[in-house]
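Following: one structure in structure tokens, then a few remarks.
As written, the chains take the letters A, B, C and D, and residue 1 is the first residue of each chain.
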Amino acid sequence: GGGGGGGGATAPGAGAGGEALTLGFSQVGAESGWRTANTKSVQDAAGAAGIELQFSDAQQKQENQIKAIRSFIQQRVDVIAFSPVVESGWDTVLMEAKRANIPVILTDRAVDSTDTTLYKTFLGSDFVEEGRKAGQWLVEDTAGGSGPVNIVELQGTTGSAPAIDRQEGFAETIAQNPDLKVIASQTGDFTRSGGRQVMEAFLKTHPDIDVLYAHNDDMGLGAIEAIEAAGKVPGTDIKIITVDAVKDGMQALADGKINYIVECNPLLGPQLMDLVKKVAAGEEVPQRVVTEETTFDTAAAKAALPSRQY
Amino acid sequence: MPSFFAVRLQDGRLYGSLIDILHNGAPLALAALGMTLVIATRGIDLSVGTVVAISGAVACTWIASSPDPASPGTALTGIGLALALAAALGAWNGFLVARLGIQPIIATLVLMTAGRGLAQLVTDGQIITVNNGFFAGISGSALLAVPLTVVVAAAVYALVALVTRRTALGTLVEAVGINPEASRLAGVRSQSIVWTVYVFAALCAAVAGLMISSNVNAADANNAGLWLELDAILAVVIGGTSLAGGRYSIAGTLLGALTIQTLTTTIYSVGIPPEVSLVFKALVVILVFLAQAPKVRALMRRRRRRRDDAPPPAATAVPAETAGSGR
Amino acid sequence: MTGISVAFGPVQALQSVDLRLHPGEVHALMGENGAGKSTLIKTLTGVHPVDAGEIRVRGEPVAFAGPAAAQAAGISTVYQEVNLCPNLSVGENLLLGREPRRAGRIDWRGVRRRAAEVLGRLHLDVDPSSPLGAHSIALQQLVAIARAVEVEARVLVLDEPTSSLDASEVAELFRVVRRLRESGVAILFVSHFIEQVFEISDRMTVLRNGRLVGEYATADISRRQLVSAMVGRELEVLEQLDRAPAEPAADAEPPVLAATGLGRRGAIEPVDLAVRPGEVVGLAGLLGSGRTELARLLFGADRADTGELTVGGRPVRLRTPRAAIDAGIAFSPEDRKAEGVVADLSVRANIVLAMQASRGWMRRIPRRKQDELARRWIELLDIRPADPDALLGNLSGGNQQKVLLARWLITQPRLLILDEPTRGIDVGAKAQIQALVAEQAREGTAVVFISAELDEVVRLSDRVLVLRDRRPVAQLAGEDVELDRVMELIATGGGARA
Amino acid sequence: MFAGGGLRYESFASGQVLLNLLIDNSFLVVLAVGMTFVILTGGIDLSVGSVVALSTMVAAALLRAGWSPVLVMLVVLVGGAVFGLAMGAVIHYLEIQPFIVTLAGMFLARGLCYVIDLESIPIDDPLFRTIAQTAVPLGGELFVSPSVLVATVVVAIAVYVLHLTRFGRTVYAVGGNPQSAMLMGLRVAQARVGVYVISGACSALAGLLFTFYMLSGYSLHAVGMELDAIAAVVIGGTLLTGGSGFVLGSVLGVLVLGTIQTILSFEGTLSSWWSRIVIGLLLLVFVVLQRVLARRGVA
């Protein structure tokens, strides 16, 4: 393996055969159900593939992630994978990894390094594309409709990559139809509470909301509570589009409270382990691997729900 | 044209922006109430936000994992568990501060850090959704058309006001905060008072946590109550209580909490873009404090004295100002 | 200073007061507790702004922005309560803000040398690098004086500098003051010790209730005239001063509190002491002789390393003040600012604090009862302003002391430990308090009485325990309790007991 | 604790791991130094984390706009100091509690980040990159980053100022008893405002070090870092009430926090929540340890 055995420093008690690969994985944190599912998928897949996993949680801090990667380098793991907290500022530490001959795989979020040799591949969703898919459904759904459509948007955490990209993709797509207008947009911090509180305020200041676009299911679910409290019927009076497709969201979709969900798949584990084995063996891998993702409407949700794991 | 001030009846419950402020402000008001007493003893409690998360996590996990997740009995047990655990956590803080003599900010930082992990451990990192009518009722039901959250918060305020007024607790808390050594020499059981206020603060936070998770019928261990401690401290200070301990004002804290919530709701309502909302919040906080600062008021008074001699108290100008910016 | 008026809200602390201070004189500022002496001084140095009036220094009108400006203009001040930084060393406190420097940085060796020099001038034997907070309030007071004397100022203001000092320190201080006077410094001096005032001052200004009564040359006025000028009427209580209210000790009764071998390492060596009901036991000794330490051990404020205590014949362990209070012991500490006053609470709340604490927070003393207690003791001790709602921190030093006494007297303790209860109290009130102590004793309370004023100790006590260098030296009882005898023991140690 | 780590993980106790502790925490050291000044006067500065973020943002944005890197550094440092000056002036002259003023400062600085740009801004200025990637050899295989040197100098200056200048002694006096300090005729205003200027400047400097570390500006950088700084100072033995404490203690506090992080990253099997719980517990261990030592010191 690429520079592996050099230090020979596998964690104590590894025991099982000298050839077990070690993967250092630095996770963003545990800030959402999506993220937890993502973590679990990675852990399970590593176990199944017989890869030893060094897991480190960065508590949403880039500096912690950099520290973790440095310590992976020191421990001379075979492959490093991480979900960057933020796009910028990875060059230094990635350079160190490169110097130590440890291949790096990005998951979930990209980095904006101009030097693409710093990492082997990027495995993850395309947030802009997710926004586009959400917008596309709305464009189609309202095609041939009469009069303006008032949209409110629940953004993710201000400044976070998914929030920026999902807003961008959505805005760019609905621009096709001049009737579609975002009349209010506010951050709900990706949380149910935030979604509920912001939606409550929207409902009071804008009596004529037709569509809600939420950057994740959780905010959408919170908003549903607010819509119901206001005496309106979610999914009917106000159409709801969200992103993620976690179990609770799918349930709401199946119940008709949400109209459309763009999937953002957290179960990257198996795909990641394949890539790990390949790069460790020195095989060529594509620069970009997009997660297999789909979209759901009510019927699809009903079908998918029983086998939904997260 | 909907008005910021319009209040109507909807499904037997008052409905309107003002009601939202009260309803959404109730958890903050409660957390700030506990914080007021802690601060009065020269302490500070950074763990309230974490306790919020723990109490929601414990209650929801209990309910969701019980064989009968929809029954009121399950909900009650869950609530009881959450409160009991919170009391224990408060006692833990009290132990570190009163017995071991660790500085409050760092003693409660321990729980602030570890507690969120504890909450995630309980929920296994998932958002636990519950479907329990009784539990949903904590925030969803109303008493005489007033949301239950508002009723509960008001009742706790009234109770604390009564207890601190009718018993000697208020005075003794202040004495401990103003001069701990003199209080000790006067025979005040400062240790048990300190324990009491930390336990009370944790209980308040737990109730706030139940409200927050009932509001969305889910427990979010990672985000529930995040940074709530800062808002609570801010509310206490807006209310005129000094962080140096000693004299405190319960009514002031209530006003402070409502001011903060009004500000938040206003930001959502008038459509201030998220990227400038923090700057806006900062400016309002600065303005509120400038208006309240005794120094500034003295200056204003001196200038005004020449013209007329009845300066309006600045504190009452606060809600008026924020309300005025709603349309 | 002419026509000075200062008001704190509704309280008119000073009204149109004049004060003239000449170079090379010691000028005494006299008045009862709360007359406005400290306020006048703080006005002079720019702590409080004046509402009306004018301050001139050498004919030039000035308005100091604060103590720093006053200091720069050559006015050096010792304020009433010790105002130093307990967290810093003695040496630093002496020189803070004017440390010797070399190449822009503080020359610590120079600081130590200079501090030792200044302390030496007042014949103080303390380690300049020890933290100030570890020392008794008396020593802190001396450090504050040393600090003020250290700058070669043109005006030296001393607000009750001698309140916790004993005779030898006072003598030392006066030596310094005389030397300064000779070199042309103007000295403003506040004290409630009439004798000291007559000993040192050249002229005096008398205030009453914030108003000027008059200016007198010390030589032209008798003690009696001075007191009536301060008080505003003839004062019979003065005559009572000479009456010794000593009651014969009832030897038969078991002691309220008995200590055998009570001691604490580094603070005080083992002491045997028994106090019987109705008995006043005085503790006599010099500054730092360990009186306060002993009192704190008796009250459980500090924990004893050795020895046993019995209360009413039963052995007890006093681990906390609370335990002592439950055993019927009360303790009024010497350092009232740090250990007694709860500044931001009202006079009423301060008076009932100890009583309330022992009842627990559940059983609040009814408001009516609180008012009644507060009113009665405000009247009895003549606390001014006679407003139970005033914040204690806003009262003058002497009045604060009275409130603290009231706090303990209303708990009707079996043993009352008073550490310097008359510190900073004016003549009239001092007599009142002495009478009160005597009366408490007559009613059966045991009293331990500490005062820097030996006179007072001797006059009040049935028995005197003399301490020296934190060791008990002797106990005197009955006829032996006599000023000369006590002084001799303090000075020589006697060698009688161990 | 460190020895324990060394026993448990083979490569833990190597010299470079120790140095990495410094490399990874140099910005926190600088922050803690500034915070020590503030806390010594009995104040507190909650804005430091946000000022760090703002500094990274301003630096990145100005570099993107083509400013010269040296000028950018100057602007950032002066900006931080001015920000601190404004807060200090409000605290002292308008007598508003430091907690609140700096909390408003925290909101303001973070808010300004968003106003500058929501997205992260990469830095590819050659000077910044060079500084970021330079390793200063210490002989053997050991090396440190330039940031460590900067932090060391800052600590040295702070020790000098606190112990050898009148300003420093006034800081202690004000913390011990502000009323007394005023009556003693000390320059209280200078000290009370000054510490916030220092803290502001230190935050900006820490922001620059952070920028070298990250080579990016981002509005969500350093969230909650003020708590780390305060914790470091308090673990280092400084009293929050003011008047007592040492800069070197704060440095030790930073190293304690860093060690906790390092232990965690070496224990690579902890789930996210167990990491948090372990951080809390280790924090507790250190705090209690410090408390016991302090008590023994007094007795």
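Everything below uses one rule, namely that a residue touches a chain if its C-beta (ideal position, glycine included) is under 8 Å from a C-beta of that chain, and two chains touch if they have at least 3 such contacts.
Here is each chain with its UniProt name: B = ABC transporter permease; C = Sugar ABC transporter ATP-binding protein; D = Sugar ABC transporter permease YjfF.
Quick caveat: nothing in here was measured; it's all calculated off a predicted structure.
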On the document's contact criterion, could you list the chains that touch chain A and likewise touch chain B? D
Tell me which has more C-beta contacts between its two chains, B-D or C-D. B-D
Indicate the whole-number Å distance between the mean C-alpha point of chain B and the mean C-alpha point of chain D. 29
So what's the Cα centroid distance for chain C and chain D, whole Å? 45
Averaged over CA atoms, how far is the centre of chain A from the centre of chain C? Could you give it in whole Å? 71
From the mean C-alpha coordinate of chain A to that of chain D, what's the distance rounded to whole Å? 32
Can you tell me which residues of chain A touch two or more of the remaining chains? 29-30, 36, 39, 158-159
The positions of chain D in contact with two or more other chains are 114, 118, 271-273, 275-276
Give the pairs of chains that touch; include all such pairs. A-B, A-D, B-C, B-D, C-D
Flag every residue of chain A that touches chain D in the complex, lowest number first. 7, 9, 11-12, 24, 27, 29-30, 36, 39, 53-57, 59-64, 66-68, 70-71, 74-75, 85-89, 91-92, 95, 112-114, 157-161, 164
Which chain C residues qualify as touching chain D in the complex? 47, 66-68, 70-72, 77, 79, 83-88, 92, 96-97, 99, 101, 104-106, 147
Parts of chain B lying in touch with chain C, wherever the complex brings them together: 166-169, 171-172, 174-175, 178-179, 181-189, 193, 246-247
Note which residues of chain A are touching chain B in the complex, please. 29-33, 35-36, 39, 155, 158-159, 184-187, 189-198, 200-202, 204-205, 207, 218, 221-222, 225, 229-231, 246, 248
Residue positions on chain D within touch of chain C in the complex are 160, 163-166, 169-170, 172-173, 175-177, 179-187, 243-244
